[in-house]
Structure formats: C-alpha cells, structure tokens
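Scrolling down, you'll hit the structures one after another.
Look at the two complexes coming up: chain A is in both, with chain B in one and chain C in the other.
Moving on to the complex of A and B:
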C-alpha cells in the first residue's frame, strides 16, 4: 500500500483522511511503468500561477478561521501572518512584530509591532488586532487548538497602537517560538462573523474565491510588507485521494504536492519535469506503555522494552530508506535547537539483564494494540515484534478497528501506538510529557522531570536553557514509558517550473518568494 | 396492471422500512459515533458531551429513527454533522453529477453494444467476431482502476486532450463539470459495453435457433426483415434487463472510478459517509439506491412488455 499524504498527520488533518488509502496503488504503479517507458507528460503550467493540491480533509466544512479546528490549512499562511515567524533554522524571526523583550521573570513579554502594515481591505494593522486575535486563541469557551500552545497566556494589553504586552501564567523563555505556531495568525478586530468564508489578512495573498471542495483562488497582495509576491495567483484544487493527486501532478494539472510519501518519490524521478524535496520533519510515531499496568510500572522493564530495538533498521523497514531520522525516545526533532542525540544502539544483553533484574529472567509477554487508522501504525509494531524477540520480549499484536481507535484504544489499552505532529521542544515536552499534562499518554508521574521543565522554561540564558532541555530528553531515555524510534522525513514533489521553495516544513515556506517560470 | 404496480410499490416500501432500520442499527453497532468520528483524538469528554448534546445523539436509537422517519415524510433528509450541511444540499449536486456521468456513459455504451452484439452474432465464428469476443472479456474482467489508469495515461498524459482529474467542486455548473466527465464516462462505458454486448449476442444466438425464426426464413422472408421483425424483438428483453441493472450500477456503484478521477459524484461520498458515521447521509444514499433499483426494474419490465407480445397479452388478461 502506498503512502498517502502524510503532511502533519496529527497536527492538521482529521482522522478521516487517514483512511483515504484506497487500494488504487496499481494506478500509480501502472502509471509509473508506462510513464517511465518514455511517455511525455504534458504540463500546461502557466507562468505566475501556482496550483497546489489539497486533500479536502474536512469534507467541505473547512473554514478560513485560523483558530478553528477545521481551518483550511493550505491557505491560512498565505492569507495571514504571525507576529513572529521562523527562519530556515527554526529560530524566531520578525513577522508582524519587529522586536520583543521579556521581563526578568520571563512572565511578561513586550512586542513592538511593525508599522504601516495594512490588511487586504486597506485598514491598518495595530495592537487592537493583536489583542483581539490572541483573545480568540485563548478563549476557553471556543477552545481553539492553538490554546494547547498559547494557553499559558493570561491576557494581552495594548500599550499603544504599536506595542503590546503579553502576560503569562508561567515563566516561558521560548514564548517567541510558541508564537511562531503556524496557526497563531493575526486577524482583524471583530472579524469573527466573516473570517470563515471571506477572510481579510495581512498576508502575501488575498482570498478571491474560497471553494474548499473545488478550487480556491488567491491573488497576490502587491502591498505585502515583505515584498510583492513573485506569483500572480495561487490556486488550491481539492483532490481527496492521494493517488488522484499524484495523477494530477504527473498529468500537469497541479504544480505541487505538499507531501507524497517517501515510497512514491520514484514517480517523480524525471528531473526535467519534476523536483522532489526531502523535508526533515518533527512528525513521530511511538509505542506507549501505561505505567499503571504491571510490569510497566518498573523503570527497568520500560527501559528494556526500549533498548532492545535496532532503531535505524526499524526506521528503514517502516518508512523506507532515508524515510526518517532516528530518535532516542525524544519527541524533539532533529531540526530543533534543543534536540538531544544520545547513544541508543540496540542492546539485547542490556535488555535481558534489566528484565532479569526486574524479576523476568525468562522474558515477558506483552500485547500491543494497533490499527490501520494511520500509515505506519501496523508496520511499526510488526517491526518492533521482530526486533525484540532476541531479548525475550514476546509481542502479541492486536488489531483494533480504525474508526474507534482514538476513542477506545488510544490512552485506554495498556500498550498502544501513537503519533504526533511536529512541535517545538518546549511545547511537546510540556504538552505530552509533563506529569499533569492532559495528553500524558502513559500516566507516568515524574516530578523530577516537571521540575526540570519549570527550570528550563524560566532560564534566560540560551545555552543554559538548551542544556536543561537536553537533560530532560536524556531523562526520558532513561525513565520514560514512550518508545519513540524516529521522526519522519516527508517528500514534497513539484513541477520543475516551480522555483524558490525552500526544502523545509511548510510552516516556514515563504509563499511570496515562490515563482513559476 | 394497477394492482401489480401497487403490490410492487408496497413491497418496495416494506423493503425500504426494513433497510432503514437495519442501516440505523448497523451504524449504531459500529464502534464510535458521529461525534467520535468528527472529533478524532481531540475528543475530550467535555467536547464529546457537547457534540452529542448539540446533535441529539443522546436520545435512544428508536427515538432518533422515529425522528428521522418523520422528517423524511416532510421531505427533510436530515443534517450531516461532519459536513455541517443539510443532507439535501450535499446529495443534490452530486446526484446531478452522477446522473450526468451515468447518462453519458449509457449513451456511449448501450446503442453501440446492441449494434456490435447483433453484428458479432451474425458473424459468429469469424476471426473478427472472436477478436471482439475476447476484447469484451478483457474489458469485463479488468478492474476498473486499471482501465481508468490506462485511459488516463492515453488521454491525459500522452495525448493531453482531457483533464485527468476533476478540479471543480460538486456544485459547479454542468458546463464546468462536462469536460471532466469524459474519462470516467469512457471507463464506465467500456465495462458496461462489454456486459450488454455479450448478453445481446448470446440472446440473439439463442433466439435465432428457435422454430419461428426458422419458419420465417423458410417462408423466404429477407434476412434483414427476419433480423429486425422476428429475432430482435424476441432477443432484446435479455440485454434490456442487463442494461437496466447496469444503469442502476452506473448510479450507485461507481466509487472506484470517482476516486481515481476525483469526480464529485455520489459514490465517493457514500463511502466517506460510512466512515464518518454520518447516519443521515448513509440513509439518504440507501434510500436513493433503493429508488434507483426499483425504478430500473420497473423500466426494464415496462420495456420488455412493450416489446414482447406475449407479455402484453398476459398483462391485458
């Protein structure tokens, strides 16, 4: 079965996308066979227009409200801007905010806004819009998905038209990184009623036709504050099936697929017509062992279950060659400045010894629940089962129904597979690994880890903070109940005529710099 | 005749009632509900409770079934939670597109299938007829998505004459949909053509052996007249029945082709509706499927009767 669009699986796409994997793989294979026999694909690409396929994940209930769970994610970053963006190395850079400074306690951040920025309708962007936008992001009644990131904001004050102060409920030295979340976009005051279908932003493109089930059309904003876009227009046609989207690119009906899955990359190997980019991402899969079930309450057992695996081999088997970057049970991806890379080579003898010490000299039997609710879920468990055999870990795999997986299996069964989208280190560590986190999937209570998290958050000095975040990840490798073997590498495919797309995750792509010859 | 019609209508209504209860219970028996399907892993207890309350999912199955049935009597097909739209608004444009697709495919396939079927029957045993026979077997047995991808390569990649996938929404005007209809329609037409052609041919050959044809030939009637007046009317009912069944399939069973070409018809939404636990939408589509099959059997009966003097006599008596 071919991979389908996996971009930001958990972060942006609803569950229903994940089952779009119709068995039409042969379409692509036939196509590949015949195309590579020397057929000439025509491309009707026209200069100045970029056509990006979208997978219609919400079945037509998409909205342009960036704070809504059903946000039309391909377009929100074209229409709106954040206060703070990310550079190619994922360090925070000015977007609508020019500069920022925190108080010593790191609980109050003052941001100076860029002046002279106008919304698409000609009105001025100022501090009132910032207050309005952030109020909507953190509104507990609306309960936006952005609230999981920026819920630490207590309130925002407009000091003057071009200055705001953000007051936090806790110290956070990395607020700029959190504000660079791709959904933390600035919307005009009182836009709640109109933003869904007729959005007005400050971004490089303005909305012309919003048709999430057909083709959405955006036009260049000639007054964009980071420079006039090189494209005249972006069109976003909805193509639900990943194979159909592949056909559309092969047949020249679209110019870009944001993610094609590593195993489809060879379809676009003709470099005279196509460009592919490997995008190192922060998306990961994991196997969670809930600590309120024996024997996972024992740190030695937990560690044995994790070190018995040859991670590189497992990654190659599950994701394909170069399909991912090995992780030592850290949710922090390789592009993050706080990433810790330890030594986590397979250690069968070590695992056996730990199990024996824990009272299991003859090994243990465990049952892992998985499902085809997402790509890689089943392959991961099968590869794991093979690899840990040598350490006396006997795995029984139980397949659960895809449709009830998140409701009945995830965080309910003793051992289950999980997946997360890319998040900056402070966010993912606090959101998933802090003892009190709502998404603490294993139920592990580790007050020492919590203390380290608090301390890292409030450390002003960059190097000192990085060291603390690395210590946290090292502690996870030692103690955690979550096995994290890899972060995924995505493949982006586009027509060779498309230029100026940096090979980085979509959050950091600058749409105004893209051109089509 | 009226009694016969009424009886069939009553049976159809009964079938529909039983089916809607079964569909309701079937959807109910699946793990999760519309709200868990909608919220996925963001389904916290509070959000689930809110969603279920807002959409009346806390009521009993029976209660919801009765609610739905009384809505139906008022022409209200219900509301899709996942899509945030009334079922009518979702189904109607797609129904129009599916009808257009089925019509184009039928117009391509049926007349040609009849002509070729008769032609190959009359040239039975020749090399050309055998070739046509083999080709039709291939078309019948080849999975649609293979036919579809070959056609896509031919007409969208090598000779870029037709759009390979549809990029307009289900509500676009027919004029905008039309250029996108050809590839899916040809794919479907090829499958349908093979079925109808083979049944026409077989029926023709069987009829030709019958005594009244022999008698007509013995009377020295011109072969052209024998074919047109004697064989065809007797041979057509079988392919007409096949056409009725395939026409129903064209309206309800075209999921694969719709997905491959991204065509905004009913097939694709039907499968999505099931995974979304979208009961109202599933029921509307079930209802539609039933109407199509009942209608197609009515039509085939009527045409068969019109063609066959013996059947006419039976009805009259």
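Moving on to the complex of A and C:
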C-alpha cells in the first residue's frame, strides 16, 4: 500500500498565495488522485496478452517453488501441472496421471502417467520426476505446507518410466483429492537450486521474467500436452491493495481480477466493457486466536469469541447480500459432501457466561491485526467488533501494512485475519487443524482431533467417512481457535475481451483455454 | 465577517456539536442499507458497512481538527522559541540552529511520519509529537527571519538599555511586532498538519477503524466511488473546505493589516 501513494508535503513556500494553491492541489490529490492507484502495467489491452493482478502479499520474498510457504500462487499453476487435477465440481480428473487405482486397503495407489509430456527445457517428464517431487513435498526437514496434506505418503516407487506406486503409512480413501492440491505440482529432478526464480515445468506457460514486486511475464508453451495456449503471454503486475486492483481493472491496467467484492459487482456488471461471474466457492476468511497467548489458551474464551456473533448479519455486512454462505467455524464449503451444517446462532448470554466462567465477568479486551491486503479483511474486523460488543468483548483494531502482511503479521501476531482458498474437506482439515501442520495458524494442539482425522481418512465406507469428517467439524465448533463466519460467493470480473474463463474456482481454471481478443 | 471566518467557525462548531446533535451512531452497521444514496433516513447515504455518512462526516472533524490544533500549538511554541532564541543568540549558535532547521525542512514530512507510525507507534501522543516536531522548523525559520529585523530596531536597544530581560524583550517587544507573520505561518502549518494527519489515516497509519476520521473515510470509500460517491465526497468536501477556509481567513487578515 505504501508504494502506491505519494503525498509529499512541500515545505514552507515564500508566498501565501502559492501555499494556498498547493493546499488546494493536495486536497485535489486526496480527493481524486489517490482513488486510482495501481501498478505500472500498460493501460491498453493487447490481443493475446492477459494481465492478472498479484497482491504482492509476501513483500518480494515470493518463490516459484510450489512447495514453499511463500509460493507465488498466481503463477505456479500456469507453469507446473499436478498428477491429478480438479473438475468444475472439484472432483479429481486426470492431469499428468492418466489413471489411478488403489489396493483394497487403500494403502497403495498406482498411477499411470501420461506419455510424451515434456518440460519447458525439452526434457521428458517421467516417474523419476514424480518420485523427486513427492519426496520434496513430504521431506520433514523442508516441512512444506503440502506435507500437512500429503504427509501420509510413506514413499513413492517408480515401477517403470510411466508408472508410480504411492505407498501410504495409513489408508486414505481420498488420496486423489489430496493429490489435486494446487501445490502438489510436478517439478523436474534436481531442480531445487533453480526452481525459485527460474522454474521449469510442464505447464501451459513458461517463465520469462520473474519479478513478484514488479511485473512477472510468462510465455505460452507451444508444446503443452493439453493443447497450445490461446494466449501469447500472461503478465502478472504487483498491486498490493485490493481496492487499487479494482481501480486497475476499471482503468484497463489489468484484464482480470480473480475476485472483486460483491459490493463492487455493479461496477463491472452494469457495463458491456466487462463481464462478471458469480461462483459459490469454498474461499473463506477467518480470525485466528493463537492459543500460546492468554486468554486464548482457554477453550471457554475461544468459544465465547465465536458464538457472540450473528454470522448471517456479519456475512451480509461484509460481503453484501448473497455475498456468501454462513459457516459454523468449518473450513469445509457448502458444495463438499463432507460438510457439516450446524446451528451457530448468535448467543450473547452464552458468551458472557463462558467469559465469566473463565474469569472475565467484566468482559475482555482484544487487539486484532488486519490490513488492506484483501478486500474483506478490514470490514470483517469492523463487523466483528460491532457484533461482539454486546457480549463484553472489546476489540481494538490495528491496521498493518498490506505489503508483507503474510510475512510479518499472519501467524506472528496473537490475533489476526486470515484467508484460505477452496479445498476439499480431507485436505483443508488436515492442513489447517492437524496439530503438526505447518500452517496450523492458531498453534492449537488437539490430539483428539488428530485421532479423528486419522480415523476418518482410513474409513473405507463412504458414509462412515462422511460422518467422521462431520464429527471433526462439530469438534472445531466446540474447541477451535479459528472463527470462520462464511464462505464467499466470488465475483470474478474481467474485460469483455477475455474469453474462455469457465465460471469455476481458480484451481480448476484451464489457463491454456483463455484468450484475449 | 469574512467567508473564511464563517467556514472555519462553522467547522469548529460542527466538530464541537457533533456529539450532541441528534445524529445516528457512527459505528452502527445496517446490512440492509449498504452503499445507499441520500435518503430521508440517511441524508448523505451510507457507506460500505451501512453506516450513516452524515454522522461519520460530522464526527470525522473531531480527531482531525483536534490533532491538528494540538500539534500546531506545540509546533508554534517550539518554532517560536527556537526562532527567537537563534535570533537573540546570533553568531555560530544562530547558524548551527538554522542549519539543523534546514536539515529538518529537507526531510519529507509524510515519509518521516510513516516511519514513526510504523516503527514507534501510532498512538495519538506519538503522532502529535512527531507532527509538532516536523512542522516546527518552518515556523522557526520564519520567526528567526522576522525577529532578526525587529531585533535591530531602536526600541529593542532601548529595552536592553533599560535592563529588560531577554524574555521580556521576546514577549513584550518581538512578539507583538512579528505577530502577523507568525500567526499566518502557524495557520498555514495547521492546514499542512491537518492534511498530513488525514494522509496518514488514508494510508492506514493514523487513526484505526472504525473511528470516523476524514482520511480514513476517504480510504474506506475510494473503492466504491463509482458505486456510491457520497461516502468519499463528503469527507473530501469537509477537508477541502476547512483548508480553503483557513487560507481565506489568513488572506483576509493580511489584507486588512495592509490596508
């Protein structure tokens, strides 16, 4: 945010009249100039070039290593491919693996790889690359966030050049869903030293210029195995502010925003210059209370902080009418077969009693860190502050710099706002709430929950597994330190010249099918 | 009464009266009235959280004007003290003080404020102190220049000969003779401080949400300017009119003095 606004106050001027003019100029800047801040991309749409904004949320420490926590998420799925992709309904479909089959115990999965696939440097993709990639994902010394999802993999065996067997330490009936994680991407053998800045993948686009704080440029891969991309290039300019990104789309500096707030939909839907898509998604925002800070180590306080909210009203205020679906602190979205729909109506008296029982009869004071890094972050905390007031929860809001928010605030401050993209239940529950997960944001150690997660994944009966995943979500509502009020209905906005973007979540978008007229 | 006086007086009156006027709450949100235009229920419409823009705009002057007033009074005191001290001291001490003032003048105030807010804190006392320190140097330079001329005059020599103390000379002789230029400079610095504080809030480093403050309101509303312009225009008009009002008041005063 700091890089987009320059309001330099000139020192004393020799004449009053000049001072007055400067004062007027500054006011004019405040009024009109600052509302349209953005990146440095060109302002005209070029055929064959798609420009998508990047929030620069890691403050320049982004890497193209897809297994690293600071992965440059806008580009990794353009450069690399997964073994298994996701369909429009988020069900697994072939990508680099053509087919897969499990043994009866669901402890060994054999995948047949697609033949004739080449990396951008011309080398062949084969089973050795799969073994190398998955070994890196589950390497305990590297501790990738993907390890929380695929840590059950014991080892991978290259049966032949186009066949691998994945051996698990426990049964997992949903392994294909887990392999469809957007970061479970295939990288070439021995690429560790170069992958961060000069990545080589099999994806529809190859890296031309990697500049996460400026403009990253990707060129089409004419040999892509799913067909030659319809675009010549994708440019990803850094715009570290959600509202500035909205203005950049309006001003023609970018061609597409993956999500604009529902409140801004009319900006784009009321004109023929843009097209919009509404996508009921599993993207969610949350407020995390780290349990290594008092009083969040007390389950009663944690629950009070969550039940004091009228979630429907909060969702309507933050996202606008029909802007999202209420969640009872579950990260599992409404379209997932394992979703638990509990009753989480606002309970002010219950919250007061829990706080009193925990030794806070006069309520508590908490400080929540938030930022402009994403559209709803500040609104969420303001709405939360207003809602929980009646329960004696007094919230102080502290604004943090948007640039570098994920490095400096997220998982660092005692209470902070978070954001997650849609993930299937087995993945998100393990990645965010398993005690040992790298991205266990609140640090809550819940061995009982870990046991339930182990039990659910090894239950081969579909109904039985669904019930166990629902029980896990019910436990989260009782014990969790993460307040999850809603899943968003995304509004994707793009220039009318952009074609071929299916109205589906970003993980399922086929970049090679997009074109700009 | 001049237009400037009416505008500035009106602003001060509204800022003082906002808390007692029958306005809606500045923080109450209404999910059924998000980004609505002007209506009987909300004369200036509502913002992105369904809050009443009129109430927030009128209350928004309190932190802005309050901080700017306190900071400019501190800056004026500091600047006047430093300027007259340098003028009275003369010689190398005068030169040394003015070079330090030059160095401070060369620093971009907003950048310094952002650094302070980021690394030291954004509590009102910290921001007021920093604003006072950053905006005292121009006052000191003007006071030094004006005092230098006055100090060479015969009535100062007469005061010295009759044994008047330095303080008596500064307060009794110098101040009345540089009052015009001093007040003008202080008024101008008030507008700069007002804009600097609002800019800081605009950048997310001044007041914190959900406080009603003009810079913060502009920041909140800028993303919705096309959907609903009133939440942005209302604080902009207030900020602009106050700055113009102070300028007009100062100009009017100077013209009256000249005539």
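Throughout what follows, the second predicted complex is superposed on the first by the 288 of 517 C-alpha atoms of A that agree within 3 Å, B and C clash if a C-alpha of one lies under 4 Å from a C-alpha of the other, contacts with A are read in each partner's own complex, and residues count from 1 in each chain.
Note that in this section contacts are C-beta pairs under 8 Å (C-beta built on N, C-alpha and C of every residue); 3 or more make two chains touch, one makes a residue touch a chain.
All figures in this text were calculated on a predicted structure; none of them were measured in a lab.
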item	value
Which of chain B and chain C A:267 touches, first, second, both or neither	second
Chain B versus chain C as contact partner of A:196, first or second or both or neither	neither
First (chain B), second (chain C), both or neither touched by A:243	both
Which of chain B and chain C A:320 touches, first, second, both or neither	second
Touching partner for A:342 - first (chain B), second (chain C), both, neither	neither
Partner chain(s) touched by A:414 [first = chain B, second = chain C, both, neither]	neither
Which superposed partner A:401 touches (first chain B, second chain C, both, neither)	both
First (chain B), second (chain C), both or neither touched by A:252	first
Set of chain A residues, in rising order, touched by both chain B and chain C	16, 19, 24, 26-27, 30-31, 34-35, 243, 247, 250, 401
Chain A residues within the chain C interface of the complex	1-2, 5, 7-9, 11-12, 16-17, 19-20, 23-24, 26-28, 30-31, 34-35, 242-243, 246-247, 250, 261, 263-264, 266-267, 313, 316-318, 320-321, 371-372, 375, 378-379, 381-383, 385-386, 396-402
Chain B contact footprint on chain A (complex, rising order)	10, 14-16, 19, 22, 24, 26-27, 30-31, 34-35, 39-42, 44, 59-61, 69, 143, 145, 211, 213-215, 237-241, 243-245, 247-248, 250-254, 401, 403-404, 406-408, 410, 438
Touching residues on chain C, where the partner in the complex is chain A	27-32, 34-35, 48-50, 105-106, 108-111, 114, 118, 138, 141-142, 184-185, 188, 191-192, 195-196, 198-199, 202-205, 208-210, 215, 218, 220, 222-227, 232-233, 236, 239-240, 243-244, 247, 250-251, 254
Residues of chain B that touch chain A when the two form their complex	30-32, 36-38, 40-44, 47, 82-85, 90, 143, 145-146, 148-150, 152-153, 156-158, 160, 163-165, 167-172, 256, 259-262, 264, 268, 272, 275-277
